[in-house]
Amino acid sequence: MNNGLSGPYDIEGADSLHEECGVFGIFGHHGAGALTILGLHALQHRGQEAAGVVSYDQGQFIAERHPGLVGDIFGKNSGYAANLKGDYAIGHNRYSTAGGSAVRNIQPLFADLTGGGITIAHNGNLTNAYALRSKLVQEGAIFQSTSDTEVIIHLTARSSKTQVVDKLIDALKQVEGAYSLVALTSKKMIGVRDPFGVRPLVIGKLDGAPILASETCALDIIGAEYVRDVEPGEVVVFTKGEMESYHPFQKVKPRFCVFEYIYFARPDSMMEGQNVYQVRKNIGEELAREAPAEADLVIPVPDSGVPAALGFSQASGIPFELGIIRNHYVGRTFIEPTDGIRHLGVRRKHNPNRATLNGKRVVLIDDSIVRGTTSKKIVQMVRDAGAAEVHFRVASPPTKHSCFYGVDTPNEHALLAHEMNLEEMAKFIGVDSLAFISTDGLYRAVGEERRNPAAPQFCDACFSGDYPIRIVDADAKESQLSFLVEA
Amino acid sequence: MNNGLSGPYDIEGADSLHEECGVFGIFGHHGAGALTILGLHALQHRGQEAAGVVSYDQGQFIAERHPGLVGDIFGKNSGYAANLKGDYAIGHNRYSTAGGSAVRNIQPLFADLTGGGITIAHNGNLTNAYALRSKLVQEGAIFQSTSDTEVIIHLTARSSKTQVVDKLIDALKQVEGAYSLVALTSKKMIGVRDPFGVRPLVIGKLDGAPILASETCALDIIGAEYVRDVEPGEVVVFTKGEMESYHPFQKVKPRFCVFEYIYFARPDSMMEGQNVYQVRKNIGEELAREAPAEADLVIPVPDSGVPAALGFSQASGIPFELGIIRNHYVGRTFIEPTDGIRHLGVRRKHNPNRATLNGKRVVLIDDSIVRGTTSKKIVQMVRDAGAAEVHFRVASPPTKHSCFYGVDTPNEHALLAHEMNLEEMAKFIGVDSLAFISTDGLYRAVGEERRNPAAPQFCDACFSGDYPIRIVDADAKESQLSFLVEA
Amino acid sequence: MNNGLSGPYDIEGADSLHEECGVFGIFGHHGAGALTILGLHALQHRGQEAAGVVSYDQGQFIAERHPGLVGDIFGKNSGYAANLKGDYAIGHNRYSTAGGSAVRNIQPLFADLTGGGITIAHNGNLTNAYALRSKLVQEGAIFQSTSDTEVIIHLTARSSKTQVVDKLIDALKQVEGAYSLVALTSKKMIGVRDPFGVRPLVIGKLDGAPILASETCALDIIGAEYVRDVEPGEVVVFTKGEMESYHPFQKVKPRFCVFEYIYFARPDSMMEGQNVYQVRKNIGEELAREAPAEADLVIPVPDSGVPAALGFSQASGIPFELGIIRNHYVGRTFIEPTDGIRHLGVRRKHNPNRATLNGKRVVLIDDSIVRGTTSKKIVQMVRDAGAAEVHFRVASPPTKHSCFYGVDTPNEHALLAHEMNLEEMAKFIGVDSLAFISTDGLYRAVGEERRNPAAPQFCDACFSGDYPIRIVDADAKESQLSFLVEA
Amino acid sequence: MNNGLSGPYDIEGADSLHEECGVFGIFGHHGAGALTILGLHALQHRGQEAAGVVSYDQGQFIAERHPGLVGDIFGKNSGYAANLKGDYAIGHNRYSTAGGSAVRNIQPLFADLTGGGITIAHNGNLTNAYALRSKLVQEGAIFQSTSDTEVIIHLTARSSKTQVVDKLIDALKQVEGAYSLVALTSKKMIGVRDPFGVRPLVIGKLDGAPILASETCALDIIGAEYVRDVEPGEVVVFTKGEMESYHPFQKVKPRFCVFEYIYFARPDSMMEGQNVYQVRKNIGEELAREAPAEADLVIPVPDSGVPAALGFSQASGIPFELGIIRNHYVGRTFIEPTDGIRHLGVRRKHNPNRATLNGKRVVLIDDSIVRGTTSKKIVQMVRDAGAAEVHFRVASPPTKHSCFYGVDTPNEHALLAHEMNLEEMAKFIGVDSLAFISTDGLYRAVGEERRNPAAPQFCDACFSGDYPIRIVDADAKESQLSFLVEA
């Protein structure tokens, strides 16, 4: 689990969903490079594999793009932070699957255009990137990465428009998918959200300098002021002293990703006017009403289950306790148990507090169930610690479908809820009772009366299978993107 | 704060107390090196600066001692874990102040004796190490480290006894201070706690193989069974298939460190028969009774204040909320704010959740106040987020005195409670009310009726100034220990 | 000096000329990656800043491109050599000036074309690269490097031809300059020399597998057989089992770089049918005839002056002695003398052998004089060691003009021979007499009767100013190539 | 081969002899650390595995001891050079066999004594170190290294004398073997040569500051003045402004190592009043007289055979040519040929110049034959290049015995000359004729009339088996020195 409460790496946790990116930009403030680094640090939960910052100073763009955590990359001894001179900078945190982890994919990407450079950082996923890429390659474009963001760069470079903002809009009109992006030229910072506004992007301000960030927590870390969210389909362009706003795309009804509330975002962030922590507590309260349990304790799976568990506890009156202790010191490539000791049931990340659990009837709260394997292990661990009963409550509806809009999900056949009904799932993970929040309950927690099936207020495709944006590349495999292999 | 809930590095947190070590040993189990690494990982909260493991295999001791976190040192790519062959191993986590961070100080230390080697890992602090060291140097002993543990090694090597256990006991009879240590020879594993039992040490068992560890959470991680605590003043010696126990020191009334309960230990550990999490909750309940507050929310300073805050909330009925969000992704040498951005009040580690705090009267719970500077910043941060009132409650009595028994504390003149009275402290940190738990309240939380002033049940010298062991080296400075400087 | 006798880095030697590249390729031999590494090792004198190998295996190109020496990059511990699977591979050694040392410039470069990839390694310099690049950028091409080789890649990708060899030829017809290049696709290895054949490229064979290499010494290291030189203007294409040869460019009279004989090539290489060592000895013999000296000893400036000094000694009868000892252990970034010790005249690389030189009249032989500052220091050093007279003989004509065909030369105003006449030069470097070999003497040493002024047999533009290929980019500066700065 | 002409690593050359150390010290000069680094750089040929410098500044000794070459360790980016503050410094280059390569063995070693520290760098080998070490361990001494130098440190620390110089002399009176050592305290620099003076040590001066160094080339590099050699059995003590000299050991007839002239020393060094280059040339001249050959060319095995080959050429009139070209760019851990390409006869280090050798009768000159395997390969290589005849001449007598005085030699049964007679050796290495210089010829080359069998002027034990110092530890194995294994 990777929200604001969580630790560096979830190495036992291939069984969770992963956001693919966080973006940040600041335009016209002393120390822009360092501020961007701090912004990325606050957004670390959105991507832990690599981070990059590109700043602009005196006619040159300066890039530092490296694998690892922000705090490790930009440590005092690296000198990278000091290299990032200038008052303009944008940055990017990257999560990626193993195959696409090459250094050449670390954003922000950069291109020299005639008359100047442009650098782009992107959160989301294009659903027609493969088709566009194939066409571009046929026309002689040379791709350096396998990132879909590079498609946007090439389309921008090839646009027949004369102004860079027009070139970028021209490019974006050709792409489909979910994207929140931040771009920087020597004269402008640009922010864009796709027409459906699937991924978040907010505008902030520090000492008068505009900021773009995936979440408000990246404003808080540097003491910046929140201004407003970028609107779905909006292009905001900052030049010295002013902001222009465009809506160049065809208007559609927004569909913000509801999973941002459930799991991805940091609890202290505000999204579309809602406090994430409060939404999660609301979910817990809804769950307590929808699926009560006779129990002695409410126990969260730390850290992401904590707010919902507090909500459940407050609504049900059953005491909230830390029955599972999480070890946050887990290194990136920590040793795997060898065959000889695997049978021991090594517990590197979570340990049950036997003194709390022993003999107790427990309500266990987690944010979601993906493959189910982790849930099964945690339930077993809680039972081994002496719990008399385990009632599992899940702070999201059953995850039945893959995401194509920027979240790394397994194939739907690997999703427990796609393959089993509730009873089968309860048996599989070994609980006395199992309940998920209802879709309408979830919508209530986010402030809607209920889900509007005719025009859903959110993207909930992972639960409903109702995909707002068509998936052109559905059959394309990433392995076909390049013939080159390089670390 | 560095208990089981906390993140890798507290870089804004020079203003807290630090335990100096965790120790672990396992004797006669396949994969002893890997098991020791896992044990140290579970004990990471006791020391994050460096870690070492020494295993024994086929006539040779193999050492891997490196700076950094266990999970980083023993990552898959390092190969260090694979080097640690053999069925016997001991290990050590180290915390140390900047001056003593040299690689040569990383434990376990090793010595070739005639007929075989011995390796020792030590948690605690000797109070006559400087005096003994000076005498040994005068006699021609050559010290390679500035660690007090090396004094024990030299005394052992110079003992006129013939058996290695007798040599070690001979050495320990000359030292004073707090120590829990684990030693390994080619034939035996030895565990010792000082006569007062200031530092913890427990005995466990895995598939019949004996284990020694600072805390029970290091047993849990590998699925080992808890057997019992090593007794104060006890020497336990494990040879193939059997355990011997000795009590070679003069018997004194034990004085276990009460701060282990308050802050150092992981909440899921059992210490002297008590669950640490439960003790902390008890403290919160006592605090709620001793120092109630009219308030809307109980907010912990994460992560160490959480159990006491839960106890306070349950006893007072005031809702517990996560009003401060902690970012666990803080790198070891993360960039410092430059002058240009320092005024921004950068918040790398903690962020208040404004939506929760705004307009509320808050009870803020922390485990202790050391210098007071962090408390002051947190209070200001909570107020800036809109809290209407801040009532600070501290889960320990005022920390007025330095520790000489293995905890890195500042000079007493740097301790807020040594320099100010309650009213002054409240003003300094800027709260509407301030209260510490009473000493008797603390003792009640740990299961005693009250503190026995004639024969206190615990070492509480940091609160009371009542030092059970004399401080021979009180005037010696670490900087005098060696003329050599080396990274 | 960087010929086969010389050490890793000439850190006191910004005052010498530098070849920019060595190339190697092998097609259809087990262990192609390792063989290419060895070939590059033999060609290390042609470029010490970085090296890269791209191999092809089972549908994928695998790249390892890193800064440093071949032997350091591909050390046992790096694992890079093992990654380079497959039977096809090409490689490149790079020399570059500081500004262009970015990792993104390390060759071979790679591009995904529709239907497959192509990778190219290039030795030489294009003289219209800047103009072509500007045009390509205007058309939307995105450059990832500042290397002129990337221009060839883009032109190839954009060619309207359907076959990859035709595309490459199409591209090369648009470029001007000196180039010897090796390219690899999934089905072919291609070698090309520019129409003037300025840079060398030879064909070899190992167990039937064809090889392309800058020099024959790269064949020798793996025990391969020399077949023939690629002809100026020739394109050779190797497919499984056969070789095709094309001459697609307009035919011109070849102008091989005469400086390859004087300095760049390894003495054991054969170039255009001539043994480099023998040519250098011939030069020394010519020099002895053209500019004899009354002296006791002939002393080479090691290592590049050795063959000419042996020739001079044998022709003149004056004994050859090692009067200057060279230290080959010079690290890449070895400490600079600090201000406090700079006056000491630190001699990291060369030391005079006082016992040999003291009281002697010395003929000092070096391959060339560039800025003259090194010559001046060496002369002073030899005098300080007691030499009675110093007669400086130079194994090349005066270097008066910059090279634009792949050799890193200073601006002509920094060239001593451009700014001074012979007498002034002699005075500047402090010698009793100074002589350069005549241009005709040089041509005789290489086997010609004399230089044919109407149609010179070699490119000797650095001596004559007679540039065979026009310099379209003469006014373009490298710093304008990209707005991006990245290590 | 590792003399002044040679490259970084002789990776194909386990078949040569290796000196174990170079030492350097400077006392009372600004920038002492940097000057020591430069001195060690000049002495790099005496040990390439590791280097260390310890400086003294303001009450503290500062150590930088690392594996690798001086120029790599103390590169600009490491910061190590800058750490070495102060006006006093000593340093050490280390060669070692694989088993003893641990970081803990890198010299100079250091010990805290009562009242101050002492640091020692040592070139040579003690012949009773194992016996002394065992006794010391029995008395409780704790060894941190397996270096024999540490024995000296312990004996010094345990001495009952009160002055540090007396303590050191007291220690040295107990050791046997060959040693040239440099020591530094906070007030004195001390230099010592063993009574036989087996290893070299010279005194120099820079701006009035005294210097100690293994060879004069280390004085030359910093422009320092040569004063005199330390005498066999002499102890020189430098304090501020003055030098004292002691001869505390029993006087014996000196036996300087004659192999220093043949191979170890740099050719530009002066040893005991003789120029090494000149001695080597003399050997070549003697060889030409003792063992003439009908031949067309004299070819050295580069680089160590060059001076003797020049002498042979000048005495015989047969032309000297570079028939074998050496590649100096050989990395430390360069890839080994894999099985698939091993049969190719990869030639990473030496390549024959076929154009020079083809059809010629060749006199091949090398400094020595150890195992004979390298000689065999080189002869084969020269034959493969077309040589008509190969007459091998060796610049030393047959190496029949191991060295115990600081040179890493194989067991005598691995020495070709110990196992075979001349005829067998000629057949083994495949030459038309083979000759070694005679012992008297060697002595003549070094300026003696002949070897005095009653009282040999040099240590020539490796040729004669006449060991001047008894080998107490002959049967002790290094693997018994410590039970600890650590990188």
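Order of writing sets the chain letters: A, B, C and D. Residues in each chain are counted from 1.
Throughout what follows, a residue touches a chain if its C-beta (ideal position, glycine included) is under 8 Å from a C-beta of that chain, and two chains touch if they have at least 3 such contacts.
Small disclaimer: the values here were computed from a predicted structure and weren't measured.
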If a chain touches chain C and chain D alike, it appears here: none
Of all other chains, the one whose Cα centre sits farthest from chain D: A
Separation of chain B from chain D, taking each centre as the mean of its C-alpha atoms, in whole Å: 50
Chain centre separation (chain B, chain C; CA means) in Å: 61
Distance from the mean Cα position of chain B to that of chain A, given in whole angstrom: 36
Set of chain B residues in contact with two or more other chains: none
Overall pattern in which the protein chains touch one another (line/ring/star/complete/other): ring
Chains that touch, pairwise: A-B, A-C, B-D, C-D
Chain B partner contacts - residues on chain D that touch it in the complex: 59-65, 83, 110-114, 116-117, 134, 137-144, 153-154, 157-159, 186, 482-486
In the complex with chain C, residue positions of chain D that touch it: 4-8, 30-31, 34-35, 37-38, 41-42, 44-45, 48, 69-77, 81, 206, 217, 220-224, 266-268, 270, 275, 277-278, 302, 306-307, 310, 314, 319-322, 325-338, 340-341, 344-348, 351-356
